Amino acid sequence: MKKIEALIRPQKLGEVKEALNKLGISGMTVTEVVGCGRQKGQKEIYRGIEYEINLLPKVKIEIVTVDEKVEEIIKIISESARTGAIGDGKIFISDVLDAVRIRTGERGTAAITSPKEGER
Amino acid sequence: MKKKFLSLLFGLILLPNLSLAGEPGYNPGDVTFVLLSAALVFLMTPGLALFYGGMVRRKNVLNTVAMSFIAIVVVSLQWILIGYTLSFGNDIKGIIGDFSYLGLKNVMDLTVSNLPGYVFVVFQLMFAIITAAIISGSVVERMSFAAWIVFIALWTTLVYDPLAHMVWGGGILFNLPALDFAGGTVVHISSGVSGLVAALILGKRKEGENAPLMPHNLPLTILGAGLLWFGWFGFNAGSALAANNLAALAFINTNTSAVMAALAWALAEWLHRRKVTVLGIATGAVAGLVAVTPAAGFVTPTSSVFIGLVGGVLVYIAVGILKAKLNYDDSLDAFGCHGVGGIWGAIATGIFATKAVNPAGADGVLYGNFGQLLNQLAGVGLAIVLAVVGTVIILKLIGIFLPLRVKDEAESIGLDITVHGEDAYKDLIFTGKSVPFS
Amino acid sequence: MKKKFLSLLFGLILLPNLSLAGEPGYNPGDVTFVLLSAALVFLMTPGLALFYGGMVRRKNVLNTVAMSFIAIVVVSLQWILIGYTLSFGNDIKGIIGDFSYLGLKNVMDLTVSNLPGYVFVVFQLMFAIITAAIISGSVVERMSFAAWIVFIALWTTLVYDPLAHMVWGGGILFNLPALDFAGGTVVHISSGVSGLVAALILGKRKEGENAPLMPHNLPLTILGAGLLWFGWFGFNAGSALAANNLAALAFINTNTSAVMAALAWALAEWLHRRKVTVLGIATGAVAGLVAVTPAAGFVTPTSSVFIGLVGGVLVYIAVGILKAKLNYDDSLDAFGCHGVGGIWGAIATGIFATKAVNPAGADGVLYGNFGQLLNQLAGVGLAIVLAVVGTVIILKLIGIFLPLRVKDEAESIGLDITVHGEDAYKDLIFTGKSVPFS
Amino acid sequence: MKKKFLSLLFGLILLPNLSLAGEPGYNPGDVTFVLLSAALVFLMTPGLALFYGGMVRRKNVLNTVAMSFIAIVVVSLQWILIGYTLSFGNDIKGIIGDFSYLGLKNVMDLTVSNLPGYVFVVFQLMFAIITAAIISGSVVERMSFAAWIVFIALWTTLVYDPLAHMVWGGGILFNLPALDFAGGTVVHISSGVSGLVAALILGKRKEGENAPLMPHNLPLTILGAGLLWFGWFGFNAGSALAANNLAALAFINTNTSAVMAALAWALAEWLHRRKVTVLGIATGAVAGLVAVTPAAGFVTPTSSVFIGLVGGVLVYIAVGILKAKLNYDDSLDAFGCHGVGGIWGAIATGIFATKAVNPAGADGVLYGNFGQLLNQLAGVGLAIVLAVVGTVIILKLIGIFLPLRVKDEAESIGLDITVHGEDAYKDLIFTGKSVPFS
Amino acid sequence: MKKIEALIRPQKLGEVKEALNKLGISGMTVTEVVGCGRQKGQKEIYRGIEYEINLLPKVKIEIVTVDEKVEEIIKIISESARTGAIGDGKIFISDVLDAVRIRTGERGTAAITSPKEGER
Amino acid sequence: MKKIEALIRPQKLGEVKEALNKLGISGMTVTEVVGCGRQKGQKEIYRGIEYEINLLPKVKIEIVTVDEKVEEIIKIISESARTGAIGDGKIFISDVLDAVRIRTGERGTAAITSPKEGER
């Protein structure tokens, strides 16, 4: 099991989510964050003084998934989140040892994959 | 001793009822009524700014608010320079006022409706301001701020002022007469219809497909609705231009129509969606306030019950059903609320008006005078034509010199940062450095 | 020329001091005073909505606001249909008014206290609205919205209207007389006590054990407090029903009591908790405004210093100490502030009232008339009995047809989403799709 | 029947124009005008609280708001005890009032400027309140709350009251005369200059280096600006103390200067930074409102165009350029807006005033009277000296007994939690438990 | 050392925290997030139009703990966060290589366990 | 590649960021969180009742970096975030398997290190 953590532009969230849904990926957790990197800060003005704010709003998407789907998900996110300008964001991949579905107590892969229709 | 000091300072206070220029006879009670009503109507524009501001997405709230605030600035200046005289100067062919009061000259010695001239000027100014501001509801989240500024300056001059003259300043609709107590035609039809035209010319917001375009801060919107409702008492009752029974009638009609339309909206929503929303109650109330505006001083409270009820339903249908079907992007429903509500109000005035409550008014259809309905429809028609033609011409003209919309990237990042260099809400986290003056 | 046009349009403006129905003689200054005071009192209810809305948890802010806004709708309609006539119609056995003004008939030609009838109707309407809205403070975060709507319609009819009649409309308390200048008994005791009863019948909110039930947006609450305070000048000074020295006295007493109670609260908090909170200052001010309401036009400013000081301390004890000990869940302290503050105010009026400032009032204990205190206590007692009995019966009755509380799950998820289908604040992140009209 | 009941209750309403104490002759229209103007001016202080509150960081919003609200409390009490009599008591050597009205004694029977005494007392009270509150803009985010309370009590007594007496109460500036229609010198110069002095004595906020000190909630600030602008109509027009042409003139001048200064700010920002901000429009408007305050009833609307334009530019330079260069930390620019704007306004009054609009005023430089400018400068100079000396002495004195600043750790964590034990905004997440009463 | 990351319903936070405290677990970090999965979106109405909002408010709890306590914590969270309806949430477990207590510079297990009373 | 996750006091963010920038570390993601641990809750008062709120505002900084820089970054954060009082926070270190730069599709170390000046 892997965790895919994508930092993207806030305004791209709708598109990314739509693209993932088309792929059948619906489980995800999303957080508002701010980030900096090589992107230039945004210019803000407060009573005649100009400030360069360099922590910019981003959105973090976390998806825990089975190993086989990792590359596919990376591809989809990359494509739908890209604008080509600096600040498009990053994707990080890390290991997840186990998962639990709180409602049922299922562990491991079962916790993050859809159960058979009947169970629902 | 002290009294003497004070009387020296404040001069005229010992000579009540004597105007500065020796103009006698107006009643301080009426002056107070209209002057403070002007203050209430003023407050409606900041109220509208917040009402609208809460309904846009977080990234566009300041731009939305700025559109209303800049309307205060631009229209105030326009009004004292040429707006007042175009609207209320001596009539030229029933269409427009002449330049008798250009730059407010001669206003000092003027008496209008038994009020000092300045009182009437500022009261009317507040109407011109909010009319322009209402239009912004149709175009927020995408219109260029520079284009907006030029637009409202031209629109107030070419659409609002002639219409105000025609209806209130002694022009053709005034003489017909097409009744408009407090601005159903002048304020609401004109702004609502112009908003729709502007929305169509600008085109839709880009982001509606992947994410719903929903309010980011409803308490702000509710606050705005409260301030609007409060100010509307000055708007409608103040339009009696005197503190009398007519003003009180307009006051109670205003509240009655507002609550009936809110009720109508709530019922419609319940039947349609099985929920009653708080934004629905507020929107319904605004619909009712709009609908009763032209009628407030011409109808009975019982009539205003019906005006409100029907107004609420019509606006619900326009906003909640027709807009989706017709697929135009009137962002915050300036047309749905003010255009539709205003047209209904003008028609309703032709139905429900009665000389029994206001001998200076007219009888409507219900009181045996079918002709008044035709007068009202003439007023509606003329206002629509003027609004459509005026808005199309002005926007096409501006479009030659300036882009009407912000760039797609700016729309996507948000207009607050890209247009104004401001961020509405900052949480715990923000770091940066200031750039020294250069 | 123009003047002629305008006078045609606005009809009566050249005939100042002549009412529509030929009723002569009221003063435009007084009409303005009471009409604009009505607007100020109106604004108190949106103000209360925000004051309350800021104090609930984020998931319930819109429901809380909706309770006040729907009160504007329901009570306005009730008032013009039957509320006004039940309160101010001709007296029936000292208990209730008759149907002389049913559906506002005959109001057009009415003169009340030297004011056009509609002026008095709208001014009094605003009091009825806010009284119902105040009760919501006791029941928010759990009461069913449908039950609330039915409740306030019945409560206004069965509790408020009779009480208003008894105190102001010529009923038994009026003749006693039990003094109530601007509604300490009619508005505050009735709503506060009814709130407590409703809170007890509904039971406590479920979540108090694992998480504190604390305000989610104090600036909103502070804004609401500011609007309440502002409107209260219309509430208390406007109750003089004329712009005179009595109105000015009520104005200064209002402010004085408010600041003294805020000071008292701040001191109490400092002694008790070693902090002075801004919500404490605001709550104290509201306590002082409540306490002085019945007394505002009957006492000297010096007396209002004491009324405020004691009011602040009593409300602090009720809200900050007794409530926890007695362990009832009066969510936002409608009882603590309005019930306790109102009872103290009624008693204080019996102590501090003096004919020296208002010959139409009475002397209180301090001026040698112990009997007035008994009159006041009679008023308090009757109001409490009426509120308790009325509220119990109405809620038990409604409970037969409708659940009084929302489901536990809805309470846990939040009433905004579950009851209204709305979310107060949306941040950067929200995606979804619209469901087409069906 | 009912009428009789009501007239019994409300006593004097059938005797219009008769004060309680048998004082005859004031006009209810004027009483209404000044009393409701007082309510509008009252609302400015909550408005200022929100205007300021939105501009500080999230962790300090409640403390900022509390500073204004406690000013309402402290100054109201001070005013009825000694403030009014020090300001408007019988003149002692042109400097201060005597104790004729100590504790408001004798006010009941007083007539001031043809108004009941209490009307004048409450109207003037609202000015004293907001003056103290304005100062907080210079010292927020670091000043100790206890020190602030003591400071405003002393400052109102030692700086405001004498200045009000000298300018309005029959003192030396009044007799010069240095004109100040609505408080440019008394309110704005005094508070702005004192704010600067306090900011210098307290020193800078600690955190400016690593993170910009920027607004956390601009919609709140915009709301505050709207309420300020609304209230300012009561502030300036109400200062005519009667509902007449002069009041209307002050009203239109107020709005005109506000919009021109907003325009000037927008243009300056555009030239300087290539953006027009919404806070800039709001700040410019406030600058224009300040600038026109002393002039509102003495100049023509055309003059107020220039007063606003120059005022907007001067305040922009002070706030956006000079402050950074001189490197002092006037947190929210009380000095930049009110000090600089007020000084310009006083000078402008000496330039633009004309007896043609107000025979009780004076002619300024443009009307051939150079001497008036000198009078105005004398007023400015005296106000500055009084403000500087008074503020230094008071703060040094307080500093002996109390720390003037909060501890560094409290400043870093935020004053809301550390000083008041409150958190302005709570989101979904907060858990904790209550501590039982002990 | 492991990191336990639980996504739960916001209204369950109080109970979960209380349950963990009883177990002696006090160190945790909590974030407001939104998430989607199999839970149906919530219905929202805006001026007569109905929207289905499918990123729903959740709360993320992160606890870094020693390996031995992992199962116990999972159990406690599962029990106290469960309602039985879809949307109860997930728990993910992953490896943490090291921890530092900023105040003292302690590393590893010491950084996340309570020091002796005396030290405090 | 490692992820460094630091939980610090909000008011220390400016200093920490400044210190990291001086080291040439500019890429980071920051989240507002609340946390509890051994730090005493903050006292809040609501209408005369005193509450002890024990989830306190903290800021989470996440930095994904190459293995060599980990110790240096820990040191810098620790130094700049320390006040010496309880509640200064923690730093957790964990493994990251891979990284992607969305804009360019670069993978691994290249995704998180600055490209040569020319490329930009």
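The chains carry the letters A, B, C, D, E and F, assigned in the order they are written, with residues numbered from 1 in each.
Here is the rule we go by: a residue touches a chain if its C-beta (ideal position, glycine included) is under 8 Å from a C-beta of that chain, and two chains touch if they have at least 3 such contacts.
Every value quoted in this text rests on a predicted model; they were computed, and no experiment measured them.
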**Chain pair, C-F or D-F, that carries the greater number of C-beta contacts** = D-F
**Request:** Look at interface A-D and say which pair in C-E, D-F or C-F is its repeat, using the rule that over half of the contact pairs are identical by residue number.
**Result:** C-F
**Asked** Roughly how far is chain A from chain B, going centre to centre by Cα mean, in whole Å?
**Response** 44
**Distance from chain C to chain A - Cα centre to Cα centre, in angstrom** = 50
**Request:** Could you tell me the distance, in whole angstrom, between the mean C-alpha positions of chain E and chain F?
**Result:** 19
**Asked** Could you say which residues in chain A touch two or more other chains, in rising order?
**Response** 13-14, 17, 30-32, 34, 43-46, 49-51, 53, 55, 94-95
**Fill in**
For chain C, residue numbers touching 2 or more other chains are 27-30, 32, 36, 210-212, 214-215, 217, 223, 227, 273, 275, 277, 279, 320-321, 324, 420-423, 427-434, 437
**Residues on chain D engaged by chain F in the complex (per definition of touch)** = 207, 209-211, 412-414, 417, 420-423, 429-435, 437
**Request:** Spell out the part of chain C that touches chain D in their complex, as residue ranges.
**Result:** 27-30, 32-33, 36-37, 40, 57-59, 88-91, 111-114, 168-170, 174, 177, 210-212, 214-219, 222-223, 225-227, 229-230, 233-234, 237, 240-249, 251-252, 255-256, 259-260, 262-263, 266, 273, 275-279, 281-282, 285, 301-302, 305, 320-321, 324-325, 357-361
**Item:** Residue numbers on chain A that touch chain D, as the complex places them
**Value:** 43-51, 53
**Item:** Partner chain D, residues of chain B touching it in the complex
**Value:** 1-3, 5-14, 16-21, 23, 27-32, 35-36, 38-39, 42-43, 45-47, 49-50, 53, 61-63, 65-66, 69-70, 72-73, 76-77, 80, 103-104, 108, 116-119, 121-122, 125, 145, 217, 220, 223, 227, 419-428, 430-434, 436-437
**Message:** Which stretch or stretches of chain E touch chain C in the complex?
**Reply:** 11, 13-15, 17-18, 34, 41-46, 49-55
